[in-house]
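Quick one: structure below, then a few questions.
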Amino acid sequence: MANSRFEYVKNFERENYLLPDTYIVVRVDGRGFHKFSDEYNFEKPNDLRALNLMNKAAISLMKEIPEIVVAYGDSDEYSFLLRKDCELFERREAKLITTFSSSFSSYYQFYWAEFFVEPESILKPYRLPTFDARAVCYPNSGKIRDYFSWRQVDCHINNLYNTVFWNLVSKGNLTPEQAENRLIGTLASDKNEILFKEFAINYNNEPEIFKKGTVIVRELSNWKNDQEKVINTELTKKNLKNLKKADLKLYHTDIINDTFWQERPYLLI
Amino acid sequence: MANSRFEYVKNFERENYLLPDTYIVVRVDGRGFHKFSDEYNFEKPNDLRALNLMNKAAISLMKEIPEIVVAYGDSDEYSFLLRKDCELFERREAKLITTFSSSFSSYYQFYWAEFFVEPESILKPYRLPTFDARAVCYPNSGKIRDYFSWRQVDCHINNLYNTVFWNLVSKGNLTPEQAENRLIGTLASDKNEILFKEFAINYNNEPEIFKKGTVIVRELSNWKNDQEKVINTELTKKNLKNLKKADLKLYHTDIINDTFWQERPYLLI
Amino acid sequence: MANSRFEYVKNFERENYLLPDTYIVVRVDGRGFHKFSDEYNFEKPNDLRALNLMNKAAISLMKEIPEIVVAYGDSDEYSFLLRKDCELFERREAKLITTFSSSFSSYYQFYWAEFFVEPESILKPYRLPTFDARAVCYPNSGKIRDYFSWRQVDCHINNLYNTVFWNLVSKGNLTPEQAENRLIGTLASDKNEILFKEFAINYNNEPEIFKKGTVIVRELSNWKNDQEKVINTELTKKNLKNLKKADLKLYHTDIINDTFWQERPYLLI
Amino acid sequence: MANSRFEYVKNFERENYLLPDTYIVVRVDGRGFHKFSDEYNFEKPNDLRALNLMNKAAISLMKEIPEIVVAYGDSDEYSFLLRKDCELFERREAKLITTFSSSFSSYYQFYWAEFFVEPESILKPYRLPTFDARAVCYPNSGKIRDYFSWRQVDCHINNLYNTVFWNLVSKGNLTPEQAENRLIGTLASDKNEILFKEFAINYNNEPEIFKKGTVIVRELSNWKNDQEKVINTELTKKNLKNLKKADLKLYHTDIINDTFWQERPYLLI
């Protein structure tokens, strides 16, 4: 409606339209979550309430944005996959990433008190939960597989380290600096041994949500019946519509090996 | 810490470093606020509670990010100015805009219940307040002046229209369609006349916050004493540090004419 | 070697690294070739000398830049394909396109006098042959196939039109405007009929270089022997090295159907 | 004219429109000129024929593109300045840089034989002169001053080094390696002293074209009369039109100090 001689300043705006026909991964990341987790007394090395809240925020976002077909999260980050043919916001980068960052942050704050009790349930205005976001294009499904493998390996490496570190501090009575020094140069096998010998912990028995993170996926209903057809051809329009309405399922499972993806070929077609 | 053969996928990330030595304006914009304002029964054409909440969120963001020197907002949008020498997040566009969108959204939700009472105070998970954001570079102060003029003229044009429109609907008993048709092709003078003749409203007497929007500015303490020096030279490092700690003041005033800017030359140096 | 307080201006340079693992097509295009072809009396609708010179320039560029695996040209344009794994100039867009534009222009000028005789052989400084260039990324081989199909269909459509147009002008004694009007709304079949009935020309018998343009391709030596292995796996490093040294072959053949590409699967692996 | 189902591949093209109202510098740079200068027996440390040819190519480009207001070159590079309001090619980066790279290369080849005699006058197809190009935006005139200062300081530093180096090699009978080692860690004063004491060369007496490079500028006719008016206001449209047609003048003069720019304020308005 508005029109004025000042309107030319709009010409300085620049849009980045992400390359068509490429997969888009949007990853949100907690801002300053080291201090945030201290402020609200997160349990170390993992706080189950916080992880469940992350998952709730992710599910809420996936309900809001049906173009997201699968998501993976651990710690204070979550990665969301958009299909190659996704035209959300005409693939404008700024719209995509600010929508994801603001919506995810909003859900996290909104559901906070469902997962935390007093006094932690009371958020403080100088330490609200916020998330930045970035979008990355990948040209083919192999890269997407490697992307999710990267994040899950990262989860594993960090969790093993943190599990040993916090046991050394809380049960081993080391200072954080001493624990850090103790772990310099150690391999995964060394860390497993410390856990087992010094703290009687078998890392394999740790909760799957800690070791593997969480994957949330649209499970296409009646998929099994249509499977052959879909694998060999493009997803039909009808299937695609079904996909957007498909149930969301949450797992703590391996997404590095082929099984997860082979059972859901429609994710990467 | 984490390292794996999958890490190469990071090479697909692209950073956009905004051109150095240019002003950056970040504008946040309410997502779907038409439906949002219906959901929570906003008063039309203006809801003072909502405007005050926008201002509270903006002030909170400016306290968090001292690099913002001045901000202007009306309706469901806010524009924030970063100085030319601002190096926040190394001027990475994605970091800047997702930080602004998520933080502004967080403050807005957090302070919501301070401004709205039951039943509106209870936010619904399917209609949370969120804001997208964009960053635009401007090479000189003249463009920045024109940018803020653009937004304030826009505020005026929209507010005059909305004021007449909602009076026609609420007091004139027109349907929205009838009101819209009545206003097609009308000039500002026509709208003023409708308000005056039919509803005995003198638009000039409407609240300034509706007509002019809100500007929030860092007022440099003891500025008057240093003024000459600063006008003629670069801001000293000491002054710049003071600017980041300066008090935030809120006005509903004209920012199109020179006065506002001439009284605060440090904003555009 | 050089260092000074002015060197900070380098920070304003921006590099665009093209997305990894995508095909890159660089297309060069004659600048102002309408006037250029008039200046040097090009035969209409096609000048065989000019087309052969384009091909010579393209071959020269492909000898200089072994990363180019196939090229297609017609009229005053040429498209060059770089493989997905191409790391030429670290995939910096500006380096790529200015190298292609300047080198192609240089070869064209250098070989000019081999193809044109006096007086056309004497180039005039106010009308030198130059070419602009652009680079486009494509995420998969299907898009590359469609890209080359697009250019060859374009060649066909333009050549049919130009063949009729110039016959109407040169033999039919129409003015250019009359010829243009005559052709408005005509289909390919109409144009074929005009050629056949009025000028006794069977379009199918026109030279292939006019109808199909020119494709230049690296023919992998001993390819037949290695074919199965290469189709089913990645190109081995040895094969890739061979590809860079492979003979360049020139054809005027269909590149829309599968045959051309199926016989050379290494182009799109 | 052409239309087909393949045309969608155009959607993958990306244009970068350079930020409005900023100065644009386009710099062309000789590709592989170390080998090029060896191939054609350039005199060391400076070849006057080659420098004059660079200047001829630059002047030719400035005649072709009237939007260039001033240019500076030395060795195998040339920088061209476009005014802030320049709308050439709608400020599309790819068009700008490939036009500059291909045109400059073309002029250089075309005029080559005017400056070099046999056998050097005969260019070899495997070693043609080509130039890459880049475009950089600068937001204000201060940055442009610093940009040109950067290039002229660079010219000076390189020329002093090369002058000493080649005297050590050609008259001092050092190998290139010995000359290089001799110069490690030396200051400008040391180099001046070597020249003076060992080779009786006073660097100050070296030709200005070697020490200062070359600046080519549009000299606005009748400028003196209009000067006051233009300094205090925008360039009038008439003046701007005159500027495009203004005579080109070539100097070997200081462009670091204020004088050159103060005498031609219209360059940076």
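Letters A, B, C and D name the chains as they come in the text, with residue numbers starting at 1 for each one.
Basically, a contact is a pair of C-beta atoms (placed from the backbone, for glycine too) under 8 Å apart; a residue touches a chain by one contact, two chains touch by 3 or more.
Computed from a predicted structure; not experimentally measured.
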Contact-pair overlap exceeding half with A-C, pair selected from B-D, A-B or C-D: B-D
Per Cα centroids, the chain farthest from chain D: A
Chain A-chain B separation of Cα centroids, rounded to whole Å: 31
Chain A and chain D: spacing of chain centres that average the CA atoms, whole Å: 51
Cα-centroid distance, chain B relative to chain D, in whole angstrom: 45
Contacts with 2+ other chains: residues of chain B: 12, 14, 19, 21, 137, 143
Chain-level touch network, classified as line, ring, star, complete or other: complete
In the complex with chain A, residue positions of chain B that touch it: 1-4, 6-10, 12-14, 16, 31, 60, 93-95, 97-107, 109-111, 123, 125, 128-138, 143, 146-147, 149-150, 153-154, 157-158, 161
Contact set on chain B toward chain D in their complex: 19, 21-22, 84, 137, 139-140, 143
Chain A-facing residues of chain D, complex: 11-12, 14, 17, 19-21
